[in-house]
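Presented below is the structure to which this report refers.
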Amino acid sequence: MFLACLLVALAGGAVGLAALLPDRADADETLVAASVCEAHELRARQAEDPSLQIQIPPEFDSPWPTRAACLSHAAAMDESTPGPIQPIQFSHKHHAGLYQIDCQYCHSGTDRSPVAGVPSVELCMGCHKQFPPTYDELEGIRTLKDHWKLQTPVEWVQIHRLPEYVQFQHQAHVRKGIACQSCHGKVEEMDKVYLVPDTKWWPWLLPTQKLEMGWCIQCHRANGASQDCVTCHY
Amino acid sequence: MTPPPAESVAAMIRPVPRAPDSKVNRDLLAVMEGASLGYWALLGLSVAFVGLAGGIWIYQVYKGLGIAGYIHPVFWGAYIVTFVFWVGIAHAGTLISAILFLFRAKWRNAINRSAEAMTVIAVLTAAQFLGIHVGRIWKSYFILPYPNQRGLWVNFKSPLLWDTFAITTYATTSIVFLYVGLIPDLAIARDRAVGWRKLLYSVLSLGWQGTSRQWKSHNRSVLHLSGLATPLVLSVHSVVSWDFAVSIVPGWHATIFAPYFVAGAIFSGFAMVLTMMIPVRRIYGLEGYITNYHFENMSRFILLTSIIVAYAYGAEYFMAWYSGVESEQTAFYRRAFGPYWISTWTMILCNGVFPQLLWFKKLRTNVPFLFVLSVLINIGMWFERYVIIITGLSSEYDPAAWGIYTPSWYELGIVAGSFAFFAHLFLIFLKIFPVVAIAEVKEIAIHERSHAHAGEH
Amino acid sequence: MAELDRRDFLKLVSVSAGGAAAAGCSDHVEKLIPYVVQPEEIIPGKAIQYASTCLECPAACGLHVRTREGRPIKLEGNPEHPVNRGALCALGQASIGRTYHPDRYAKPRLRGAGGAYEEIGWDKATALLAEKLGAAGGRVRALTGELGPTLGSLFDRFLAAAGSSGGRLHYEPFGYEALREASRAVFGAGVRPIFDLEGADFVIDFGADSLETWLSPVEHARQIESAREVTSAEGREARLIYVGPRLSMTAGNADEWLPAKPGSEGILALAIARVAFDAVRSAGRPVGGDPGLLEGILAGFDAESVASRSGVPAETILRIGRAIAQAKRPAALPPGVALTSRRATATTAAVLILDAVVGAIGTTVLLPAEAAAAPEPASFREILKLVDAMASGQVAVLMLGGVNPVHSLPPGAGFADALAKVDFVVSFASLPDETSERAHLILPDHTPLESWGDAAPQPGVRSLVQPSVRPLFDTQALGDSLLQVGRAMGDSVAAQLPAGSFRSLVEAAWSGTDFRAALIRGGVFEAAPRGGALPVAASAARIEFKLPQFEEAGPYLVLPVPSPLLHDGRGANLSWLQETPDPVTKVAWQSWAEISHETAKALGVERGDVVAVETGFGRLELPALPRGGIRDEVIAIAIGQGHTVGHYASHDAEGRAGEARGVNVIALLPPLTDESGGRAWLTARAKVTATGAHARIAQLQFTDNQRKRQLAESVSLAALAAGDGAAHGEAHGGEHGSHEIRRPYDPVNDAVPESPYRWGMAIDLDRCTGCSACVVACSIENNVPQVGEEWVLRGRQMPWIRIERYLGDGEADLENGRRRPEDREKLGDVDVRHSPMMCQHCGAAPCEPVCPVLATYHTPEGLNGMIYNRCIGTRYCSNNCPYKVRRFNFFDYQIESWPEPMRLMLNPDVTVRGQGVMEKCTYCVQRIETARQDAKNAGHPIADGAITPACVQTCPTHALQFGNLKDPQSGVNQRIEGNPKRAYHALHVLNTRPGSTYLAKVSRGAEPEEGGHS
Amino acid sequence: MPDVLGIWNDPGDVAEAVTRLRGRGYTDLETYSPAPFTEVDDAAIEKPSRVRLFTLIGGLTGVVTGYAMTIWMANDWQIMLGGKPFSSIPPYTIIAFELTILFGGLMTLIGLLVFGRLPSTKIDPAYSARFSAEEFGVRVRCRERDVAEVEALMRGHHAKEVSLVGA
């Protein structure tokens, strides 16, 4: 499942970038990169097909943003993959996956509070303001910096949503060592986060979907957690 | 023996002559034919009221139960009252069909069909109120023990669950009972109807031919259904009464409730049969089939049950006094002399006092009187439920939280609608199905005839 | 609080939108909107508390403002604050509603030519005011409420700079000016005495509403009730005696009630003083002044003569006189608002003399040094002077802040007309009221939750006001408005004003203190003595003690009663205070006229019949409410209603805006002062006639007869004192004791054996005064909708707690209360039982088995759980609940009940109930769960006291206690075990095994030595 | 083989005729009556209908289902209610009772359909509307040469008409 989506993402990214490239009229024409990401892409193509003549202008001859960043960024705005388009092309795969940033570095308070919390623009900028300006060619980075400049918040689209009559306690689950992935899916492998479908079956052969009550209860029963109604409903 | 000559055999071959139809068929099927202006007017009126009530109900679902007259702490009102009322009405049918069948009371034949029809219609009417009175009808499926993703079941200790099961069972069984009884008559209608009715009756009568095999299974089924329906009819209103009896509300919490309610149900049921059948008999000239003798028998039942009900009223007050429980005594005192005294005395007069006139044979056989009385009894029985439910809730254990309830116009509209609903279904039934059990009437007729015939020998 | 400024309110709003959002909108796209910069102290999902001060009345209680994601959602008392020690009154609880009030002025407003207001910018507004002030040429006056030292002095400096002649008047409708003048006359000290009732063992209250509105009600309630704690020997000795014409809330909590003739309190005090004087002398103790002098003063007031004039029997006077003389820490409290007649100063002086005779001065009655004394409001005479000045055109610019004189001054004073004569009126109100709506310019102030400031209610108490939320609207702190106007007036004025913002001014004012600590503690509290003693001065001999005159227009004396909830009317625009029934009459949302049954008979009116009350000064029509607990010649009407402005204050039953809600009794009163210029209230007799009209009264309690059902029990001292051998049953005392209090069940087993907890509550009826603060606290904590007068009239009110008010054990007889509510009050009978009734969390709960869908059930920890999203609304549970504590959502209350922006104050931890579901008290399960998580995170079991439900938290008298019944050491268990003779379960006979255990009220005799009489 | 159809007015005669005919070995016969007459039906078929079996099965299923469902559901997710036991039999008996009746009734209906050979699409050619009036009919299927005897038998028992159907 996840592999499939990963491939889709990669392909999407590649397609997205390919679209940026000047299409090759005839073989002996040299391809000129118009951005760092394009440069990465051209190098990759040349690796496949050495005959290809490419030219990287010096201003685009930079390791930053990395090719992975370019691909993730492109994948995060790919509408063909599941999940809503977010205001910023933020890739959990890139941050939590590739760079191994701990979930609670950004979602701090998850172990102290009922709610996980979403990082502030300040927190994002904490790292990103140190990055070379070439990163600005990524739309997501520009959007982020605009928000910081204008001091306006980012309006993320909520994906994992419980009804308001459910009082979920992140701290209890995190402290018990329940992996974030068991409810949120392998976000560290997603460029664009989406609700990973998950179905459990009751003994009477009835399915219960992710984030439905039965889905929670089965886990609670399996782990001997509370099945008292007011644990979640009050 | 030697074979008969061929020509004689040939001579025998001739078409079967179409037999003249029997009077019984003609009289009773005539009810279903044609419809007077009055009929259409009546039907139109009742349908209009159903529509009105439907509108009110939709508004209530949209706006909230607050449009009803509820006041803390009286959280059950006219809806539950009317629910219990209709469940009560439903009882006469099964009683007449089942119990009298078991007791081989042949006089039931003339009225059991209409009574059964009434039962089914009344139960359907009653069942709607369970939905009308809940706060979140769109979630009311929670009450069913169906397998769900939550893994959560229902509370079988709750009288409301018992209700759900009792009402469902009662509705289903009465429909089966009614239908099984109808099959032979539908065959009769099939043999004489034309056009769409022919088709309808052919389908419904399942190709009934009145063979011995069919009659044998039919008799046996009716017997068993009666055997099942008899305890059922007693259980259903007992269960309904337990909605109140198992609670701790002063005025509700009484062991006498089950028999009290069952008697009351039969009482009101018979009254309703009279209210419906007297006009029908008059309009369709069925005096020959539904005779004063039938009415008199029903009056006897009404008298009997009236006495039981009256006794129950007395017993309640006696127990309240004898128990020495102050909250009970207060509840009953307020019932008789408190804000609801009018309802209480209406109930006592209509259910306990007026029916005593039936001791006189003259009145038992006086049809107009019976009609008026039956209507009064229906009113009285509605108020009985009103008195029990409302007075019980209005003054409970905590005097600081007493409240006085009066139904709102919206509520009364829906209640009126329920009567219209009952009426329009019954009117339609009159025109589609034989209102008297033809086959059973014939059974008696033919027996008498053959005995007379045997006498000649 | 640097973070505070960076906190951007609007961004926070939607963070927990999910929590507060209306039910049933789960499928639309929800946005997650984080901070741009997250303040370090904020963890989304966790509550933060800021210490501040309640500015609703001059008592200035300490606050803890509980905020979520930067929004205040609940006010709680500051436990460290010496005035309220963690408690709050109903008004204080409800005051959070001001910040989120739908009426709030969003921008400055200027009255156009047509009289209609237009919103303008601050620059324009400031410039305009500056110009007007400049042109006024010193004819500038200001009328403000209590502003606190810093803002007050800034205002005065501003007026001085603006060249104002006359300056600012501090106007407090309940000014108690007589207190200061009387102490000047008696002790020669022009300060208002401080009444410290800590451990007072004999309090005689001459009509001071000491548990309701008088001076510092939360403080006094705590002191009086803890002094009467029956577990201690002294507590059993302690007595509270009330003198007054009406069975008020305070009277109902007294041990003896003397319904003396209104106005005769002074001579009664002197008569008692005279008896006490002899007793003290014979005991050889000092009498607090020159004996000769006192003897002279008291000479004319022997018990017999006073008895005839006051209507109090001579033997009672003698008995009380001897008793108070024997008391260790006696205190006599002078009249409150209702009884301030035209001889208020003399009356008050008489009471102070009694205090002096029995040696209360210096112990319970403290005379602070002039310098340290709290700022005093201007006397009524000065206010009237100002009105004259305005009327005669001597005022060009009038600045109004925190006052509503149009409502609270008698029409006869002519304030409204005078106001029209002022060239330019500027109001700093943040919410519209009758006065601000007459202003030319409105410069909306922040609400206290948005403001900086401070208060100094008592010597040694400096209380800080700090903002806990970014302003919701384009408003500006009054201090900053003044500073900016001043600067706009030019350098000459600006030079006389401090630089910087008002906040820096506050910090400067507190520079002498550890400001950070003050921010955390809520102020600086010194244990220094708050005042000392003075002997009775010779000037006392010159006071003449006579019965007051009244403006005669009829036989009935108008008694204007301060409302325990609405105060002087400032609470009228807060829905919680309107919907919470009056503690005495249980009427909500309305005005009513209390008359005696005799009077009702004489007038030929019954409950709800509209009567016309007419004095020489005004005429009002309002429904009559006959009751036993009031003197025949008195007609009592609560102050506070009769507003024509305000979303909640003015809408009538049909919800029409602008219609007055109820009547304003002040309209009946003449603008009269007492001897020394203080405001006089008890001034007029009225003609009362039946109009023939009838009105439905929204009275939330049907009867005060508990029919001997075990609901609100009482125990006599004698029974308590009886040896341990005494059976529980015998513990019932008094002549009512014809049935026995049954020992409570042991409810511990009503939780599953594995569970370490069984939650339970102790409810001490001996401490509950009926003040109803818990009702408001509960409603705000649990998002309980307020349904409005129309629906209250139809019994649809939603509170999870109600305070039941019963008189005695009641009668089981059937005749009573047959048709209409019954009333068992009798003159002089004080056996009033206030009993908070909320879900009892029964172990054998009748509501649980009848629910078909398991929506209500028993939790492993003994709670009676209520699952809203499972409920289908059969309402069977409520039918089967003997305590009738369940409430049903008949409509979708979310819109009507919380108009924008009020939804921002919804508690995100509590589900907002939708249409068609049942709800009830949960023991604040959200707090239990929060405490459980915190305990888990800390790795220990939930500590005793870690959970305080909203009602328990706010109770001024600590009548409620919550805890774990399975822990023998828990406070709640100690409380129950410590009172074995008083503990019982309500409606014991039903065997519901409740988790809440009541402690019976103690019926003390009037005198310490005898018991068992009630 | 021809079908001989006799018509009667009196159930008693029919009963005798049928007994006689079957005695003579004409077992392939069918009676038509306008109303249930035990004498006729018993003459035609001795064995009582087996509908009773269905009713019994239905009832037993009901009672078992009733108790099993309630007890299992109450214990699958145990929820405390007013301190009552999870498997409390008295209330569950009501459910069990209702289900007994419900299932019994439905099974009875099914029994009727099964043993009454219902629903049947084709109407026997011998059947006619007079049998749904007040006349009785007996159809005997016999060999050609027995027709006369059958007719004689029928007429001997006061058959008012005898005829051959669908020869």
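Think of it as A, B, C and D in the order they're written, each chain with its own count starting at 1.
As a working rule, contacts are C-beta pairs under 8 Å (C-beta built on N, C-alpha and C of every residue); 3 or more make two chains touch, one makes a residue touch a chain.
As the structure is a prediction and not an experimental result, all values here were calculated from the model.
Distances between chain centres, each the mean of the C-alpha atoms, put A farthest from subunit B. Between the chains B-D lie more C-beta contact pairs than between any other two chains.
Subunit B and subunit C have CA centres that are 60 Å apart. Our note on geometry: subunit A versus subunit C, Cα centroid distance of 55 Å, whole angstroms.
Per-chain Cα centroids separate subunit C from subunit D by 82 Å. Subunit A and subunit D have CA centres that are 72 Å apart. The set of subunit C residues touching two or more other chains comprises 846, 849, 851, 854, 857, 859-860, 870. Residue positions 229 of subunit A are each in touch with at least two other chains.
With touch defined as above, residues shared between interfaces to two or more other chains in subunit D number as follows: 77, 79, 81, 84. Considering their complex, residues 63-66, 69-73, 75-76, 133-136, 139-140, 142-143, 152-155, 157-161, 164, 243, 246-249, 326-327, 329-330, 333-334, 337-339, 393, 396-403 of subunit B touch subunit C.
Listing the residues of subunit D that touch subunit B in their complex gives 5, 7, 9-12, 30-38, 40-41, 43-45, 48-49, 51-52, 55, 59, 69-70, 73-74, 76-77, 79, 81, 84, 88, 91-92, 94-95, 97-99, 101-102, 104-106, 108-109, 111-113, 115-124, 127-135, 144-145, 147-149, 151, 161-165, 167. On the subunit A side of its complex with subunit B, the touching residues are 202, 204, 206-209, 212-215, 217-218.
Residues 147-152 of subunit B touch subunit A in their complex.
Per the touch definition, subunit B reaches subunit D in the complex via residues 1, 3-4, 8-9, 12-14, 16-22, 24-25, 145, 151-157, 161-162, 165-166, 168-169, 172-173, 176-177, 179-180, 183-184, 187-188, 190-192, 206-221, 224-225, 228-229, 231-232, 235, 239, 439-440, 442-443, 445-447, 449-450, 453-454.
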